[in-house]
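The following pair of complexes shares a single chain, chain A, combined with chain B in the former and chain C in the latter.
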Partner chain A sequence: MDGEAAGSADVLLRAEALHRHYPLPRQRLLHRRPVRHALRGVDLELAAGGSVGIVGESGSGKSTLVRLLLALDRADAGAVSYRGRAVEPGPPRTLRWFRREVQVVLQDPFASLDPRMRVADIVAEPLECLDVPGDHAARVAELLGAVGLEPGPAKDRYPHEFSGGQRQRIAIARALAPGPRVLVGDEPLSALDVAVRGQVMDLLRGLAADLGLALVLVSHDIGAMHRLCEQIMVLHEGGVVERGRTADVLAAPSHPYTRRLLAAVPQLPDREQV
Partner chain B sequence: MTRRVLRSPTGLAGAVVVALLVLGALVSLVWTPFDPTLVDPASTWLPPLSGGHLLGTDGSGRDLASQLLAGARVTAFTAATATVVAAVVGVGLAVLAAVPRHGGEVVAHLIDVLVALPTLLLAMVLAAVYGGSVWTAVVAIGIGTGVNVARVARAEMTSVLGADYVLAAEVAGAGTGRIVRRHVLPNVAPVLVVQLSLVLALAVLAEAALSYLGFGTPPPTPSWGRMLQDLQQYVTVHPLVVVWPGCAIAVVVLGFTLLGDALRDAIDPRMRLPGQAAPAVEVLP
Partner chain C sequence: MTALLEIEGLTVRFGGRAVVDDVSLRLDAGERLGLIGASGSGKSLTALAAIGLLPDGATVSGSVRLAGSELAGGSDRELARVRGSRIGMVFQEPATALDPLMRVGAQIAGPVRRLTGASRSAAARRAVELAATVGLPDPEVLVRAYPHQLSGGQRQRVGIAIALAGEPDLLIADEPTTALDVTVQAEVLGLLDDLVRRRGTALLFISHDLAVVAQIARRVAVLADGRVREYGPVEQVLHQPRDPVTQALVAAARRTSWQAPAPVGTVGQGS
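== the complex of A and B ==
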């Protein structure tokens, strides 16, 4: 939109100095409403094909950051841009170009699929809404196959007929439908049980590699971070306290908060890997 | 769902009653034992089963059974159309109030104010201004119960709008209209169906009350409420005659209510848990 498009060519998603606060309910009649600072000056850069993990405990601002990155909420200060083009919440029509490029997988696969829609319609929704050209039915079948579901029997069923892991696969198929270059995962693994989590993690990693997807992964699962993300940033009370290559940060955390987070990860006595 | 409704005893009973009402109304279109409006001074206050009159006659010699059959027409028509009006009013207001944008709060408060307005009073005011007719009753009952539907539907829509699948639809590029059509309405439909089945019962009751008070169906169209009004002054002399329209109203209202209950149970098994209040339409004041 503005002349910034020439900026570093391979950075897809960029967030600069994001601030967001929420007013809380008034505690006392004549006092000001208290304010919660969900984000205070967060920067993020995601290169094409790169992967950034965002860790932090509940209330650290992860969800707010995701909402801002997806243009679902407006920042008080700072800006989000995609390949140099400003991204701001607005009517769906004005955001189509962005939605084709950046998609999301949400945490709870039991809540993120409309219980009264058939799987084929769920996966086709972004295709229809974003005016993606081509044969939608064929694309839906291709997507279901890509996430490891048999398209034939799956497409006419309703979400409740599937297990949690299968549902998350459906959610991933929907996110991939418009052929995005960035996939944002808001705790996409934490609602799954351990065995399924590994499968979905492998699926995400495979898809990211095959399709050249860039990943933004929000999680408190350090193990998932290790396997899926090159870069990691640690959020604490709305600010970034540490960032760097995942392996480095996990091996030698410099900030006390990161050390506390890592210490909180339950460890088995003899684990092959993190 | 239909099968589950019919399998429960209440659902079956309700369905039978409603079927009888519709059947009676349809039959009365082509055949009644006598002309329900035919005045016969020679045969007033006949007891049941005399002179070919199944339920006897009233003070003008009109056949009661024929009046009941023909009255079913008004009852069925009012209930059905008032429910359609209630659905339009209820869903319309609820969407305006629930979809987040400027003015939603105002509509929500407007609903609360309208809920406080007694339906019968509204009907009387409308009847005073526009004259009593079936349509006045339909509009008044539809609006009066529609705002109750709107309040329940709004709460339901607000919770659906907060669901993750709506967020996902937003990221998928769906606009407000599509989200309402494809996600919100299908997911509140069960609640709406239950609410509207209860509106049917309320509409029967309200139509009878309005006709009884003289604000509903004008003469000579036969109506159960007006039969009650015509006959009540003779209740000490001929106690049996008021029983027929009274029972007809009570049974039909009960039938719709039972059907509504069965629908609710069939749609949401949680409602069957003891001690958990089920959403209901307020009883008319």
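== the complex of A and C ==
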């Protein structure tokens, strides 16, 4: 359970010294193009069944990190591997093995589901694309049930017939379709109302526990980190300024940026303060 | 005492459906009221109805009085005079609320001229003052920038400067910090807090986030399905919610949020 022991036996996803910079538009003729360092040497280790939260604000590099972890972009230096096997962007065919193991849920369920596809087809799509054997219809029904939707009525409907929370459940069902061992959530709760956010949080927790899923959660939401992630890393200006057990970091942040971040989180007034 | 803003029996219909249903609210001069609800609860439409900015196709009934004079059913011309000069509005997404092709100084100076009759040069000077008031760095230089050259937090500060251009008695802020990073949110909340305190401006603060509302408002109204479900002091609503909708909202907020173990700073103390 304790993922603190780095390099321990069953590491699934590993990132080592990731660097990524983007050239910016030229400001002056005959001058070098300025460069933006989106990531400056970031390491990450995700154990089987573990959970790592990546917290940071805009410009911290968290989206770049997610793209690298999902083989959607190539690092300038450093490497991503899954169980020791190199993970690099390439033709879909060369990444099928990886996509069966690592799946993603994105922030906006209104944008991430094709409005012209029926729910059953949305959820079945990764099964087909990734050549997953078995009875796809049965698997779709099972998945919809697992995320708390009634398969019968849901499967023939279109995304617009569902609420935001239900759509995010559909996106989770799709991500789980190939039976991945790692789920990457890129702000999967941010677009949801607070009541729905709580339900989807519970769903993710339950699924992670039941299926032994490992979780990478990228978010600016400390509440979500607190609920869902054993480990946390704080990203600021492309570097990890602090990492550790979530409970420890939240209770006693050591880096000034982490302290500033936590102090800015709006607090519900305590009963004592009334 | 006459209320600054008094909304009575406000109902907004689209087609036959009431999206705001018999809402009554009262806001005294210098007071702060939070309007809380999930998406689709009618909180933004209540505010838009109050200033006559509802989209076409909406039918409105009920009464909206600003310092005793009726706004509901007023002509566009009358309402345009009230907007800006008596009521300032701050919107959620500063990137879309600002004109991308116009320097921010001109966007602040425009309403200054229109609302106060200032000369072009006086309005430009006032724009720099307002930029300084909302804590924008290097205001003389910054007024010449375009919105895309600013950060999200700076753009929202420009939005607040524009809302203040006509020296309004009431500021309506609709999810003004939802699109911002948490540290920037704390700064902007601190700014709003400070501005309304110093100027004695009343504030109607709309948000889905209980913790944010609790920091800035004294009283809150909880909306669901277009109706006011609960209305009272923040502490009472948070600690002894009576309505099931409020109870569920408070429980969800407590369950999903992170509470600092020891009292950390509340709203940023920034100027």
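Methods note: the second predicted complex is superposed on the first by the 261 of 274 C-alpha atoms of A that agree within 3 Å, B and C clash if a C-alpha of one lies under 4 Å from a C-alpha of the other, contacts with A are read in each partner's own complex, and residues count from 1 in each chain.
Basically, contacts are C-beta pairs under 8 Å (C-beta built on N, C-alpha and C of every residue); 3 or more make two chains touch, one makes a residue touch a chain.
As the structure is a prediction and not an experimental result, all values here were calculated from the model.
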So, after the overlay on chain A, do chain B and chain C clash or fit? They fit
Which holds for A:195: it touches chain B only (first), chain C only (second), both, or neither? second
First (chain B), second (chain C), both or neither touched by A:264: second
By the touch definition at the top of the document, which applies to A:25: first (chain B), second (chain C), both, or neither? neither
Between chain B and chain C, whom does A:134 touch in the aligned arrangement: first, second, both, or neither? neither
By the touch definition at the top of the document, which applies to A:171: first (chain B), second (chain C), both, or neither? first
I'd like to know which partner A:96 touches here: chain B for first, chain C for second, both or neither. first
Applying the document's definition of touch, where does A:126 land relative to chain B and chain C: first, second, both, or neither? first
Looking at the superposed set of three chains, what is the minimum CA distance between chain B and chain C in Å? 10
Check chain A for residues that touch chain B in one structure and chain C in the other, and list them. none
Contacting residues of chain B [partner chain A, same complex]: 163-165, 167-175, 178, 182-183, 186-187
Sites on chain A touched by chain B in the complex: 70, 72, 91-93, 95-96, 99, 103-104, 106-108, 111-117, 125-126, 129-130, 171, 174, 177-178
Of chain A, residues touching chain C in the complex: 57-58, 164, 189, 193-195, 197-198, 201, 220, 222-227, 250-251, 260-271, 273-274
Which bits of chain C are touching chain A when the two form their complex? 38-39, 152, 181-186, 189, 208-212, 214-215, 234-235, 238-239, 248-249, 252-261, 263-266, 268
